[in-house]
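Both complexes shown next keep chain A, but they swap its partner, so chain B is in the first and chain C is in the second.
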Partner chain A sequence: MATAALNRTGSIVRKPLVDLLDNRNVLSVICMAPAAILLLTFLTYPLGLGVWLGFTDTKIGRPGFFIGLENYISLFDDSVFWLVVFNTLLYTTVATVLKFGLGLYLALLLNNHLPFKAILRAIILLPWIVPTVLSAIAFWWIYDAQFSILSYMLQKMGLIDQYIDFLGKPNNARASLIAANVWRGIPFVAICLLAGLQTISPSLYEAAALDGATPWQRFRHVTMPMLMPILSIVLTFSVLFTFTDFQLIYAITRGGPVNSTHLMATLAFQRAIPGGQLGEGAAIATAMIPFLVAATLSSYFGLQRRKWQQGESDG
Partner chain B sequence: MSDFSRRDLAKLGVGLVAGTALGGPALAQAPEWKIQPEKGASLRVMRPAKFVQGDETLFLENTAKYEKMTGVKVRVDSEGWEDLVPKSAVAANVGKGPDVVYGWHDNVHQYPDKVVVLNDVANYLGSKYGGWYDLAQKYGKKGNNWISIPLGASGSKMVYRKSMLKAAGYDAVPKDFPGFLKMAQDLKAKGTPIGFALGNAIGDANGWCHWVLWGHGAKMVNEKDQVTLNSPETIAALNYVKQLYDTFIPGTLSWLDPSNNKAFLDGQLSLTANGISVYYAAKTSTDARLKEMTADIEHASFPIGPVGKPSESCSMVPAYVFKYSRYPNAAKDYIRFMMEKEQYEPWLEASIGYWGHPLKFYENNKIWTVDPKHTPYNSVIKNALWLGYAGSLGYASAGALADYIIVTMFASVASGAKTPEQAAAEAHKRVERYYKI
Partner chain C sequence: MATVDIRGVHKAFGPTKVIHGVDISIEDEEFVVLVGPSGCGKSTLLRMIAGLEQISDGEIAIGGKVVNDVAPKDRDIAMVFQNYALYPHMTVYDNMAFSLKLRKAEKALIDQRVRQAADILGLNPYLERYPRQLSGGQRQRVAMGRAIVRDPQVFLFDEPLSNLDAKLRVQMRTEIKALHQRLKTTSIYVTHDQVEAMTMADRIVVMHDGIVEQVGSPLELYDNPANTFVAGFIGSPAMNFFQGTLRRNGGIWVEAEDGTKLPAPGNVGGSDGQKVVYGVRPEHLALAGGSSGVPAKVEVVEPTGADTLVFSKIAGVHTCAVFSERHDFRPGQEIKLQPRLDVVHLFDAASGQHL
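Moving on to the complex of A and B:
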């Protein structure tokens, strides 16, 4: 608008291209375009295609036809699908709670003045740095029915008579995989929360101490509210990662025994690629979206409520 | 070669069991092979990663030989066994990728329209080398057309410790199901249990579960692709496995494909079902303990169930050529070349029995007799049925197999989570989801 006005006065003569680039609307479109194109090509398009495939009977090597909700209706009747939904929710809930409890505890410990603080912090990150497949293979050996180091030690100590069937019984297998996931996930939570802890101004603690606050009160009314914004972000990410976990399951149990450790991601893969039912696999993957959106919204908005951050109680 | 009638019969080619009927197939007079590679052709070949070193070494040597003879450039990519399926599927879908794929059993039956018909290659090889086994034809053909050329198959046999069987009072593995169960119970009583994988082990678990299922005369679907799983025969098979499972080493419900190899080589198992790789690992090991075990390892065919005929299964590796290939003739010629005696025999021998042959002529190869312990693996393709028996191969059979429906059915009964009746009914329903299309 400004250039147009200048032109009318005739004091400055400009080329049309320059004029165009000076136009705020045009410029903003040009600047946004690369990001928008990236998002559309690499996020919106694949996501949209995935959702679309879920409404078709596409098979590997054969284009599909639109079949409406047939995949979903068929999944609704499939006991394995519901078992897998249950597994996924259980896996995500238990693993996330444990990761947060232990991760927060670890972050608080590391926030104290410890000797060799930097080295300790680096070591904590190790489980997260090791490629998942490697740690999965390590856990596969740890849980092995015949060669488990855990069983071996417990037996040598005289605590058990025969090797623990870590992966052979449904609930054992679920617990074992959750433990592996927690082990992998703690560092991420701990380091992020540690970063959050370090942004809390010491003066707040000093003020609280002057007011005679107990350590618990300081944690409850200073640390927690100040940590809430980063906590909510980390929680959101952690839920997303856990819900969509694939590698650990695939390397350790392939979803067995009797489908007790199959997650939605592994089932979607199993049916879509080795099974060739791309449409159904896409439908299972799409069925994850509502859960993910719900989990994200509740952890994000739930924890970001202002009241909490200001240290007020919920009620 | 002087046997006139034998040669003529063999020449009739594909589908004839001429060779076996007359006591051993012979090399027929070579029919003429006319297809020449295109000028300036180059090929990309994708195959499963090696399991025994000799397999890959000879495969690459043969390929180099082909390059030298024809001037066709060939690049061979080895893919992990599980990556092969999606990679081949993606190539089929997007119409770009390797020209020739050595894929897994029924993969190509999921995209039969995307590949070149190979009748000329199959007929040439079949008539020259004593004909194809029935199973090779089942996997190779869609209707009347050959859509792939089976390279070979890896299959399981009973792998056992002679000394442990002897200690339990057995000189050999019993040939029928009740006898086998009794032996397993006796071995368990001696503290030397048997073990078969019951986790989601695509090769091992499917192999032995289908053996028991088919051995009882049960099948997932009939010849018309109607689901027939929930049957008295299936219940009988499930009851049999329930009893058999009680004799297993603990932990088999979590076993994946490598688990039984590890336990066997550690000396914890008296018997399992596996390819020849366990024996091979022991034989080539530098560990004194394993070297000693080598002499004690024996192989046997799977016992025959009430159905009265062998009911084994195997993992077939068929070669197919995608239509998008710019050099289909070179691809055909390459596939033919690799199956010719001059190349195939050294390859078969270098794989020391890990791969079984689909052409009857190779039954007489010395690899099957040079060590008597190789001999049972001679019949891998001859004794096997296809995964998806007795129906057709395609989307439904692949989907049901990938979903571990049969393995899960057996595992849920073995673990006590379900009664045989419940498990059969549930599995039946799951199979129907795939075959309704």
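Moving on to the complex of A and C:
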């Protein structure tokens, strides 16, 4: 900067604007501004407003007043809220475990030399490409009490006597929704893990085979450790997506029967918009934050570069 | 330690045939180098010995036992890969101990073997490091250490030095040879670099387009190449070739395409008028004075310090000559070069075979 100014001393007119733009600090502020404004407007402001609303008794059509922790205290004594927390944790845990088990299995299958590999991979991606609401409606139809194709097939095969009430009983409804979520979530997991698998050099498997490793040992000692970095990233995202799931639930059961499939996101919406209690809904949504932060933090520590990934730091 | 016998081995990937019947028998304690240009099938052959590729036809025996249907892990061989294939998530120690751990060897034995191998290779200070923290040469050594720890019947090397820089390559070449002299394990080494082959091998197998062109000790191949391919492949700089016709009137000589008279040795086979390829190595061309010698027009002179490489045109063909003494030719200068007759090679032009 100093040199630039020095070079200009010989010129006839100094241009202050050009000098200003040459300033590293000014320039960096200008370059960051668009991103910062976008983030502040569309991320920080809604988040802040949501948290603020949680401390007020705002209702639709009526500005609220600050009421401190009252919303949270009433939620603490609200059995529905605790049922919903349980639902959310159950939904997230079971769906994530299933998505990862099946997704990893699919990824391993697709990593082999299969005929029509490209087409198979495209097919795997389909559930993810279909809009959520569309697939939710399809599942709603599949789970219908009277017209369920699943019940129809099971009955024709002679496995059941009467149609299953998929969405009418609490545990059936939970299992059905988890199945739908797993169906939607598998492609993401499978494709990400497949990408991870393809970064593993085939010669490592050959070396392991020569070293005397059985297929299981090769998976255990080569595939898994090499896949862990990408696995933990995908796991984080998958947990966050599942925990905050809204569309599937709202389109298929709307939280019923008797709140047994309500998740925190759907309950927050339910109380805030149809119920009109904006403050309480915001409080429920805000209550998700600690869970999400915990999930993110645990994966942050899990994600830290493993020692073997580090470069020639102490070399 | 064991012999390795390769009998009538073929390999095809679908309709593409890459190896068309190879027979090699490798003695116990021998260091054999498979050499050839890329795509000649040498790596495929090595991978078939390792069991990483199916054998399409023929059989491979290790220590007298046919291993066609034996899994790689039961063949008692160790392989050093071109990219080393070290497990990135394991320390040097664990990389070397992995195979013994899988075999459920005792901890004390594993420790002893790993430290012994580390001693031999000078890896002791690095045992707790991860592969990423090592230089190329050190990784190369770990890859060899992993093989040594196994104490296998046969070592297989798949172009192990091609990822190293030139200086390190020369150094590791010597180390591998010294290691073999010490351990005496039967070794099969694949490379495309004929200098590596010449310097390391007890015997060289020259491969080309899926067949074996010639098998022999380095100097046998250098002195008596069986055909033009081996003659051109072995030796650096490569042998000079001239197309011509054998003449037996007025002594034995070869008439190059532009009529230049190339002197030929007296004991050579072949009939008068036969189309031949005349081959002479750069180091077998001497500067001639007076009326003897073949006229050559200097094009480029490359002094390397130890030698002087002189590129010139003889009978319209670009020719290389190497002199151990220094010369100061100008481009365009006319000189005369005299081939050493006892080491001139004549090949049949049609078949490429040595006459």
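Operating definition for what follows: the second predicted complex is superposed on the first by the 288 of 315 C-alpha atoms of A that agree within 3 Å, B and C clash if a C-alpha of one lies under 4 Å from a C-alpha of the other, contacts with A are read in each partner's own complex, and residues count from 1 in each chain.
Going forward, a residue touches a chain if its C-beta (ideal position, glycine included) is under 8 Å from a C-beta of that chain, and two chains touch if they have at least 3 such contacts.
What you see is a predicted model, and the numbers here were worked out from it, not measured in a lab.
Engineer: In the superposed arrangement, does A:N112 touch chain B (first), chain C (second), both or neither?
Structural biologist: neither
Engineer: For A:N25, is the partner it touches chain B (first), chain C (second), both, or none of the two (neither)?
Structural biologist: Neither partner.
Engineer: Between chain B (first) and chain C (second), which does A:S201 come into contact with in this model arrangement: first, second, both, or neither?
Structural biologist: A:S201: touches chain C, not chain B.
Engineer: Could you look at A:S79 and tell me whether it touches chain B, chain C, both or neither (first, second, both, neither)?
Structural biologist: A:S79: touches chain B, not chain C.
Engineer: Residues of chain A touched by chain B versus by chain C: which partner has the larger set?
Structural biologist: After superposing on chain A, more of chain A is contacted by B.
Engineer: Within their complex, state which residues of chain B touch chain A.
Structural biologist: Residue positions touching the partner: 82, 85-86, 89, 92-93, 110-111, 113-114, 198-202, 249-256, 259, 262-263, 266, 268, 395, 398-399, 401-404, 407-408, 411-412, 415, 417, 426, 430, 433-434, 437.
Engineer: Spell out the residues on chain A that touch chain B in their complex, using ranges where they run on.
Structural biologist: Its residues touching chain B are 57, 59-62, 74, 78-80, 143-147, 162-163, 165-170, 173, 253-259, 270-271, 273-277.
Engineer: Would you tell me which residues of chain A are touching chain C in their complex?
Structural biologist: That would be residues 201, 203-204, 206-213, 217, 221-222, 225-226, 306-315 of chain A.
Engineer: Which residues, counting only chain C, touch chain A once they are in their complex?
Structural biologist: Touching chain A from chain C are residues 50-52, 71-73, 77-79, 81-83, 85, 87-90, 98-99, 102-103, 129-135, 146, 150.
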